[in-house]
Amino acid sequence: MIYTVSDLIKKYGPRTVLDIPYLEVEKEQIYALLGANGAGKTTLLNILGLLEAPTAGRIHYCSRPVNYAESALQSLRKEVVLVDQHPILFTTTVFKNLEFGLKIRKINKKERYRIIDESLDLVGMREFSSAPAQYLSGGETQRVAIARALALSPKVFLCDEPTSSVDVENQNIIITILRRINEAKKISVLFTTHDRSQAARLAHHTIVLNQGRLVPTLYENIFRGVLQTDPSGQPQCVIQDKMHLSIGEDQVIDKRKAVSVFIDPEKIAVRKPSEDPAVANELQGRVVQIIEENGKVRMVVDAGVWVALLISKKRYQKIVFMVGETIVLSIPPEAIHLM
Amino acid sequence: WARYKIIKMSTTTSTQASGLLDVLLPELEKDTGITVKVIAKGTGAAIRDGMDGNVDVMLVHAREREMKFIKQGYGTNRYAVMHNDFIIVGPPADPAGIKGNSDVIAAFKKFASNRARFVSRGDDSGTHTKEQSIWKKTGLTVKTNTTMIEKKGKKREITFIHPHGLGNWYLSIGQGMGKTLTFADEKLAYTLVDRGTYIKYKFGREVPVDLEIMCQGDPFLANPYGVIPINPQKHPHVQYELAKEFAEWLVSERGQTIIANYRLLGKQLFYPDAQK
Amino acid sequence: MNLLIDSFISAIRLVVSMDAELDAIVGVSLKVSCTSTVLAGLIGVPLGFTIAFSEFVGKRMTITVLNTLLALPTVVIGLFVYAFISRRGIFGPFDLLYTQRAIIIGQAILIIPVVAAFTIAAISRIDERYRKTAMTLGANRLQTAWIVFREARFGIVAAIVAAFGRVISEIGISMMLGGNIKGFTRTMTTAMALEYDKGSFILAVALGIVLLGLSFGMNLLFHFFQGRVHSQ
Amino acid sequence: MIYTVSDLIKKYGPRTVLDIPYLEVEKEQIYALLGANGAGKTTLLNILGLLEAPTAGRIHYCSRPVNYAESALQSLRKEVVLVDQHPILFTTTVFKNLEFGLKIRKINKKERYRIIDESLDLVGMREFSSAPAQYLSGGETQRVAIARALALSPKVFLCDEPTSSVDVENQNIIITILRRINEAKKISVLFTTHDRSQAARLAHHTIVLNQGRLVPTLYENIFRGVLQTDPSGQPQCVIQDKMHLSIGEDQVIDKRKAVSVFIDPEKIAVRKPSEDPAVANELQGRVVQIIEENGKVRMVVDAGVWVALLISKKRYQKIVFMVGETIVLSIPPEAIHLM
Amino acid sequence: MNLLIDSFISAIRLVVSMDAELDAIVGVSLKVSCTSTVLAGLIGVPLGFTIAFSEFVGKRMTITVLNTLLALPTVVIGLFVYAFISRRGIFGPFDLLYTQRAIIIGQAILIIPVVAAFTIAAISRIDERYRKTAMTLGANRLQTAWIVFREARFGIVAAIVAAFGRVISEIGISMMLGGNIKGFTRTMTTAMALEYDKGSFILAVALGIVLLGLSFGMNLLFHFFQGRVHSQ
């Protein structure tokens, strides 16, 4: 285990933004950290990056409890490096930005130059080596920040939305780099993202946070909905005025009208349209995307709202769903979670 | 109008520091209704205020410069008000061996021959003017220091003299009397001082200066004060009438008595000059 | 207006003739002011950093006290130091009074709060992420401070420049602790005060103009130094 | 036309970052602005947002030439509002951030409150109304910045990567909002993104920038490649050490070894594998994604590198490509562009 | 050490007895210093903003000149203003010399460069995006400046506090332009200088302590003001 987190609580003022009873992060693996805005992803990375102390709880790093005395942290921080969500470059050249961490590690000049050139090459920013860092564009900045962290060959590499403003060409490159350093140099990687297909492509494990808590759900099909009762008095959840879903009485916990709804993509059933009349929670929609994902197939259906669902490869191959086709989804009440 | 009988007077810091004005001016106000705003500065600056017409009357102690001031038409006339005297003070050990001698010139010669530390005010004040004239009288070789300045397109020279040994045993510090005295005390040196300041620093403080009187009573050490109203012909805005009234009150029986009766820490400081 | 023109011409004459006396005065002024500025920088900047970076109860109160010390009058500092180094004070035996060292001590006390307070103000607006980034790259406290210093240098240099301006133009401390001894502790300002007391206003202003010229020169140096750092 | 740009040049120092001979932006339309990092997207938005003057060239706004005197710009800026790539919120509450622009427009208090509540509701940030803005998370900040701009009901709405750090739920919402304000309030929208499917979903028009110039290409299949000669002396382009593509002699313009390669997705031919031997530039790969897009079908094939291609719906339906299947791509030299 | 303890006791005694004279002196000091600080703020802050926000040739030189003016000695300012408002000067007829107004003018001249220079330093570190954001939201120059001011307020308030500290502890100008007239233009510092001249060191330091107390009070006010703005 590279990290073992127990009873972690982080509060800002009265608000608890993280509450994690137990979490293990294995060595030499790639983790994706998903979650809505404000779920606490950045906060968790800051804590794992040993840059912020938790309000309560224990963290073990490499099986040793972390001591939050500044002096004790300094040596650990040399092994763990974090790339910020909106990284900041020092007001100097790109080259010197990369040199800083290497100088600190007392790496000799020749070696330093070699590493810097190599790292900038990786992210395709070598020609900017002597450019003043403060004028770089958003994506250029992000790439330099990644190179700056990579140059240090850390044991743990924490990345907060590493590709959020990176262009398509370089997104792929960065993903490749992350996979490569993980495989070749056995660096543990933990990154956050809002792009779940990226997470699926790259990560061995996925952690999803919701309002500071670990949740076992997948990070998609999350909608804002409104609770109502339908004409027959049945509770109903309306999503974006377009999708009406009946829900179980027991799910209406309190009378909040606006809720977040998660529809479990693995529990949605799908079939070709037939003459049968539509029953409750059956929707028609058009297939807009079909994507292979970890041995399963992910279909996105435009049913007024875009809904994703996961089916087995077998079923996909058997029924032969095609993009552009109209199909029928049925969403059983147990697939619907109000959050 | 009575409420507005206010005049401004420039004077030297030592006059203000002596405390006489604090006794004199309230009496003046009672008698004549005149309020005096006192502006205390170095002698040179105080005279400058007179020349520029920033004040209505001037009370200083530098006779030659006062006469010149009148000659140039800045003042109407000089009222001799009072005098006190200068003394030479020095460390109790008296390294130059001048104690008890009243001959200042001899004392100054001894400073030079023994290279005994002497602190000069060096600020062109009344005291400094007096000191320079004593050095001249000793007949020792003196050095002249000259600075050229520009004034209304003409070059003018400013000079001051000092004996040899400047910076060595002769320290020119360019400060007021009080500071000069503490300086001499710190450095255990001799200096020329007016009696009023010495009394304050010797008897008026929790930690008195160690310096003692070494030489006093030489008639040459008298320090006369004069009051000069500013000439309204030069500066029409000055309150000449009030200034004159003030000057005349000072030299009147009443003013002179107050001066004569003023005691600083039980010691007489000023001797009236106007009583015939 | 005459005063200014006359003074200006006299100032030029002073500089052109460059007599030994002016030379000495300028030398003393520069030496004393530069030394005290450097001293105050070496104490004030780290002090400011320490206060800005630490979290402790009463931090804001400490800053308020520091700000209060900006109003420390030179007379008070003069008397305070005097009490220690006078013949009767505890440091009397070192014979510091009326030396350039005494001035330096007093002036440093005067400007340490200036440097510290403005260092704090300068750092406080530096994005927290610079510090965080330096830390995650493995920097220790000193190296982290260096990064923040680099980013805040414009403000900190402004503080140092202001501190220098404060001491080179300061009179009270130089007068009380230096004693304005001709040839030893006479600085530009005490010389000016003296000329003023003598009524030689022209000479006083002339000296002031020379002083401003000097200070302009120092600022040009700073300017180029900053320019170089900037373009790095 | 809301904007007509002619002979626009923007230089930073000696470097020309924008060079646009002519560009028209139509009223009441949604434009997506695509391009690699450093292509000049942000710079162009800043110029269209009247926040920066071009080095040379003319811009007409609503058919009137823009006068770059500060006083003249102020009134125009009330109609055009730009949301930054990394937006900054004023160090005060979220509420006051939104109030600022409304106060400037002298909107009365009651109305102001109503608009603020409404705008915050739109982006789901109402409960943060009185929170100090400087502590918000990345995505929260971005959403508040969008709300702050929306509250002003501008004529032109410029957004620099509006959804880059926004979570999935809110990405959809923001896209819906943009479409809605365009339709309902006739607001012209111009946004940048690196997510081309988002661009395809939302925009009426797409503008692609490459190194400061407008290019007619699509914004995908851009790879970093290395030029070599194969054993037979034929010039070859190697992409990520995995894909070897023969190229025409004429394409080797200069001896640069590292190049950017664009493979036109519309010119790639695709077929089911057969016994025929592989010819030059024929690659085998697995279909990983099939996506419906503007009446065509986009397939992403993992041929060592992920390559996208566009085929007509007809062909797709005829041959029935399935996700997970192995197929053969052939990339003719004319589909390969070195940039 | 005795000096300090004695002075402290005297200071307390002074304050407790609170005689009319001390009252008057404190009143004059506060009135004059506050007025000149406000004046300098009203001129210096906009001046700093104008310089910081405009792009013109010689901008950096202007800042260097401003920095040079931080070294303007009080004697020079005193003489300079004196030349204008003395009876012979062009403003002579207004009879300004030796009034509180004269002090205020001189002190304002002293600290305008301080306020302006530190305003520039404070603004220069504020993220360019604040300005850009204000502009795109439709703000005019003044409203944009207000936004930047809000963000830079910590630094600007520090400048104002420093300026206040500078003038309340300043002697030269008050002495030369105010004349230290009892009951009219006697300030805490000129009173201190007088007591010092008289040799009453204890009283001088006691006054200094009162002055610091006063300045502490002012700083507390600033502190709370800043706190309030902060929490908004």
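Going by the order they are written in, the chains are A, B, C, D and E; count residues from 1 in each one.
Convention: a contact is a pair of C-beta atoms (placed from the backbone, for glycine too) under 8 Å apart; a residue touches a chain by one contact, two chains touch by 3 or more.
Bear in mind the structure is a predicted one, so any value in this text is a computation, not a measurement.
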{"item": "B-C or A-C - the one linked by more C-beta pairs in contact", "value": "B-C"}
{"item": "Relative to chain D, chain with the most remote C-alpha centre", "value": "B"}
{"item": "Chain of greatest Cα-centre distance to chain A", "value": "B"}
{"item": "Mean-CA-position distance for chain E and chain B (Å)", "value": "35"}
{"item": "Centre-to-centre distance between chain D and chain C (centres being mean Cα positions), rounded to whole Å", "value": "54"}
{"item": "Chain D and chain E, separation of their C-alpha mean positions in angstrom", "value": "53"}
{"item": "Where chain E touches two or more other chains, by residue", "value": "2, 127, 151, 196, 201"}
{"item": "For chain A, residues contacting two or more additional chains", "value": "86"}
{"item": "Junction residues of chain B, two or more chains touched", "value": "176, 179, 207"}
{"item": "Chains that touch, pairwise", "value": "A-C, A-D, B-C, B-E, C-E, D-E"}
{"item": "Chain D residues within the chain A interface of the complex", "value": "12, 35-39, 41-42, 85-86, 124, 135-140, 143, 160-161, 164-173, 176, 194, 196, 219-220, 222-224, 240, 260, 286-292, 297, 305-306, 313, 316-317, 320, 322-324"}
{"item": "Residues of chain A touching chain C in the complex", "value": "46, 49, 51, 70, 74, 77-78, 80-82, 84, 86-88, 90-93, 96, 100-101, 104-105, 148-149, 152"}
{"item": "Contact set on chain B toward chain E in their complex", "value": "8, 13, 16-17, 19, 37-40, 52-54, 176, 178-179, 181-182, 197, 200-201, 204-207, 235, 237"}
{"item": "Contacting residues of chain B [partner chain C, same complex]", "value": "41-48, 122-125, 145, 147-152, 158, 166-167, 171-176, 179, 183, 185-188, 207"}
{"item": "Touching residues on chain C, where the partner in the complex is chain A", "value": "127, 129-130, 132-141, 143, 147, 150-151, 232"}
